[in-house]
Amino acid sequence: MKPVKKTFDIIEKKQIKPCYGLLKLYAPELAAGAKPGQFLHVKCSGTMDPLLRRPISIHAVQRSGKTISMLYRKAGRGTSMLDSLDKLDVMGPLGHGFNMSCSGTPLVVGGGIGAAPLYFLLQELSGMQMQVDVFIGASSSEHLLAVEDIKALGHCVRTATDDGSAGYRGPVTDTCLPYLNKDVQVFACGPVPMLKKLAGDMEENKAAGQFSLEEKMGCGVGACLSCVCKTYQEKEKEYTYSRVCVDGPVFSAGEVVWK
Amino acid sequence: MKPVKKTFDIIEKKQIKPCYGLLKLYAPELAAGAKPGQFLHVKCSGTMDPLLRRPISIHAVQRSGKTISMLYRKAGRGTSMLDSLDKLDVMGPLGHGFNMSCSGTPLVVGGGIGAAPLYFLLQELSGMQMQVDVFIGASSSEHLLAVEDIKALGHCVRTATDDGSAGYRGPVTDTCLPYLNKDVQVFACGPVPMLKKLAGDMEENKAAGQFSLEEKMGCGVGACLSCVCKTYQEKEKEYTYSRVCVDGPVFSAGEVVWK
Amino acid sequence: MNKNVNLAVDIAGIKMQNPVATASGTFGFGNEYADYVDLSRLGALVVKGTTLHPRQGNPPPRIEETPCGILNAIGLQNPGIETVVNEILPHLQNKNVPVIVNISGDTPADYAKLAQKLNNSCAAGIEVNISCPNVKKGGLQFGSDPESAAEVAGAVKASTNLPVIIKLSPNVSSIVKVAEKVARAGADALSMINTLLGMKIDINTMRPSLGNNFGGLSGPAVKPVAVRSVWQVYREIDLPIIGIGGITTAEDALEFIMAGASVVAVGTGNFINPTATMDIIENLEKYLIDNDIADIKDLIGRAH
Amino acid sequence: MNKNVNLAVDIAGIKMQNPVATASGTFGFGNEYADYVDLSRLGALVVKGTTLHPRQGNPPPRIEETPCGILNAIGLQNPGIETVVNEILPHLQNKNVPVIVNISGDTPADYAKLAQKLNNSCAAGIEVNISCPNVKKGGLQFGSDPESAAEVAGAVKASTNLPVIIKLSPNVSSIVKVAEKVARAGADALSMINTLLGMKIDINTMRPSLGNNFGGLSGPAVKPVAVRSVWQVYREIDLPIIGIGGITTAEDALEFIMAGASVVAVGTGNFINPTATMDIIENLEKYLIDNDIADIKDLIGRAH
């Protein structure tokens, strides 16, 4: 769908864990038209402080209720203000989401708040009658997100935490490593170190996949060239800076050049 | 009392007229120590936009309930945000209030939102068993403030509006003119044209009095020299710029030099 | 709104249906905002800064938020003048909006070549960026020194018949002096301001936050500096001015117009509200109607 | 908080128990804030700008709010150096805080006289304001021109044994060049930045809002320009720096210190939060403890 700029009513707010919140918007057009991996560019305050919009993924879509939800971490000043709003000024849906018509068995890997957009992806995969292997990691159980909801969709979830407070003790990339092979299509979102490690493991095991990336943004529509990440363009045989907001946020795993 | 910097709970909010609001703060120290004509310097938002505090007079004090109230006009961005707060970050009480031990029969004149601080003054005069003549004006009945409350204190109120929608049709200064003489002590607060006219009338009729003035403020404590008004210092026989925040907001009527 | 008010302005021969343009680098080549903005309703479209050769730009992070402002250090990532002239401008032709191309070079000769290449394009004018703080060579120096600013202006003017707008830097001791020299060198109009040189430090990493260390400050925070610049230059120099810096509302636009701007351009404001330009046009019209002003031109420089 | 961390700094021989001072003109002569701030806990008290003769200052309005900032046009209202030396400074002596007197003149000779008058006072140092944008004569010119800035610095230095701090203007093409000249003329330290020249227009009256038309922009809005200035000067000039501009929190103070400031001064921040200086001192101490840093001096210039 074409993106809109609109103010939607917030019809539900929930505190998920100490520093995570969930907002549900009544937004029929977004519920009908958004794709997994796309994001909204939201204004966290009615004033000019903070000034910029914040990119937040679409976490879930309730087609029947015509609502969508956002799962967010209270990371700084902007996201900490979302709690206090009744309406949300939104641009979206923005960006290229996940390509779901790729070949390969889907395999989903999320780290921390990276689980947020993956839930919407898994909703869609469920809708396509697919049950997939999902690996969710976090620093501790306090930061492990969306696990029960994903299980409720019928997928098989394995968890990992750095401190062992839930699931496997260690990085989530350990847990999915045995599953990486040329027949899978990895869908991943998470912190850079996780994605970087995963990219290496995938290359070694000839697994293809798609990563959703984050960068600080200005416009959100491709105009300002603020949000770039370094990518390698096969056809041009050179590195360029691609815009996370419109060329991504989902990039093919092999395309991303890690620092 | 020494001023404090403190965040008080807002225990009541009321919309008085379309663009006027009333806030009640639970603030035992202010309720006990503030004087009529003093003001509070309040932060209207938790962010840096708008940046500066706003000066708002103490409108009323409820000694028993340990609360104070502020009556305010939604004049611009800052005051329009007061509605949405649950707590108020306040500096105060600030400034020199009205001198109530002056000789002369009190005569109170208010224009528009200028009625706000006068109510507290009239509360105190009531407490001293005085019933005084009060003249309240505004552009129209929609902007006529505190009239019923002042009557309830037992004072005698005459109203005037520019459009005749309530009381006398014309400036409030017309209505109080016949009462000006050398035996009264005028207490006034209102827009500059009203005060300027009143000052002229008072001089002609040898009436003394005190005016509460407004100026844009920075610090509120006398440090920045932002909030000055031109005054004539009898003893130094020259004009100086006096600070409304600490030298005022109440000045003796004869001291003020009008533009 | 069927009362007859006139929003049209003319700046250095470029006819605009209203005085609201986009600021270079914040609006891409226009199409990026096409979902939100009807490009044909803009007064003018000022496109991304263009250089002789394609540029990759600076390493990220390229943007940081600051109080009521942003710092950017894009570093002029752009596809180069050939691509702009041959591939991008032709597509903009049918949008019915004057397109002004913003150019940046390392030497006066670069600027001259860029101007030449635009001569047979469908550009309506050239905006000369002598003040980009995000490139190491050239850039800032030209803008801070009146003589070199004039040299660039002269070189561009000699190479083109298009209207030449010189974009001034606020990072100078006297913006009027630079404006004076540039005017004498033949500039047809001035635009101001470009960004203020700034920096943010990440106290966690203990390093500058931006990939380029320095960045250009823009947004509402700089508005008072921009309004002052327009006011000062309007008093002294007889050239039309495009006012830029922190504009987000019609009230902001009016401040610039009253200070002396014939046209205003919206930059950072687009990021906050993608329909800012459209809203401003609408509200300017409403302002004229409500205040019984027949022609926006009557407001230019009114605060003097 | 009984872990031993050291917040003390020494700038040009002025010993301060911590690096947090007040910015001239925003804190009066100190007593105005005594209900909120324990003056004896400040690193230093920089008092209101003082001139040879008493000044009335500019007509109101003198202050305007801007996005995340303010414009001020006080115009150096002050009681004159005689009153400051004879009546005000003596009262500050028992506050146990180094008092730095900020001076402003119309000619280098004025500055020299002001410095002389402070010689036998209880001032701990002199801050020389060569950059106030709110006075017509002198003021701005000195600050914008490296040569005249140096002349003033030299004149003051020759007239006093007190530490001489030169306060730099950001309204220049190169703050480093001014700093260089001033350093060579004998300055003992530099403070930066003074306000940015700005303007606001009241679209209702269609006139500049301030009584003086122009005003000086300060507050959080200017912080990125100030941090950049400190960073640039720290790299090139071997003098201690007092960092000023938009500081409201300990995080802001750390940005300046990492950029190269030995001391920070809080200006507009006091208006928003009258206990800003106290809160910053407390939180800097906490930061050192939490991050296991024994001495704040280890952080000065760390971002380079």
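As written, the chains take the letters A, B, C and D, and residue 1 is the first residue of each chain.
Everything below uses one rule, namely that contacts are C-beta pairs under 8 Å (C-beta built on N, C-alpha and C of every residue); 3 or more make two chains touch, one makes a residue touch a chain.
Keep in mind that what you see is a predicted model, and the values were worked out from it rather than measured.
Ranking A-C and B-C by contacting C-beta pairs places A-C first. Put simply, the chain farthest from subunit B by mean CA position is A. Rounded to a whole number, the gap between the C-alpha centres of subunit C and subunit D is 34 angstrom. A straight line joining the Cα centres of subunit A and subunit C is 35 Å long.
Each chain gets one centre point, the mean of its Cα atoms, and the points for subunit A and subunit B are 55 Å apart. Rounded to a whole number, the gap between the C-alpha centres of subunit B and subunit C is 47 angstrom. Residue numbers of subunit C whose C-beta contacts span two or more other chains: 67-69, 219-220. Within subunit B, the positions touching two or more other chains are listed as 48-50.
Taken as a contact graph, with one node per protein chain and an edge wherever two chains touch, the assembly is complete, since every chain touches every other chain.
Put simply, subunit B touches subunit A in their complex at residues 45, 47-50. Considering their complex, residues 48-49 of subunit A touch subunit D.
Those residues of subunit D lying in contact with subunit C across their complex are 66-69, 71, 144-145, 171-174, 196-201, 203, 206-208, 214-215, 217, 219-225, 227-228, 231, 246, 251, 254-255, 258-259, 299, 302-303.
By the touch rule above, subunit B contacts subunit D in their complex via residues 2-5, 43, 48-53, 91, 215-230, 239-241, 246. The residues of subunit D lying in touch with subunit B in their complex are 25-28, 32-33, 35-36, 48, 56-57, 59-65, 67-70, 72, 74, 77, 219-220, 248, 268, 270-275.
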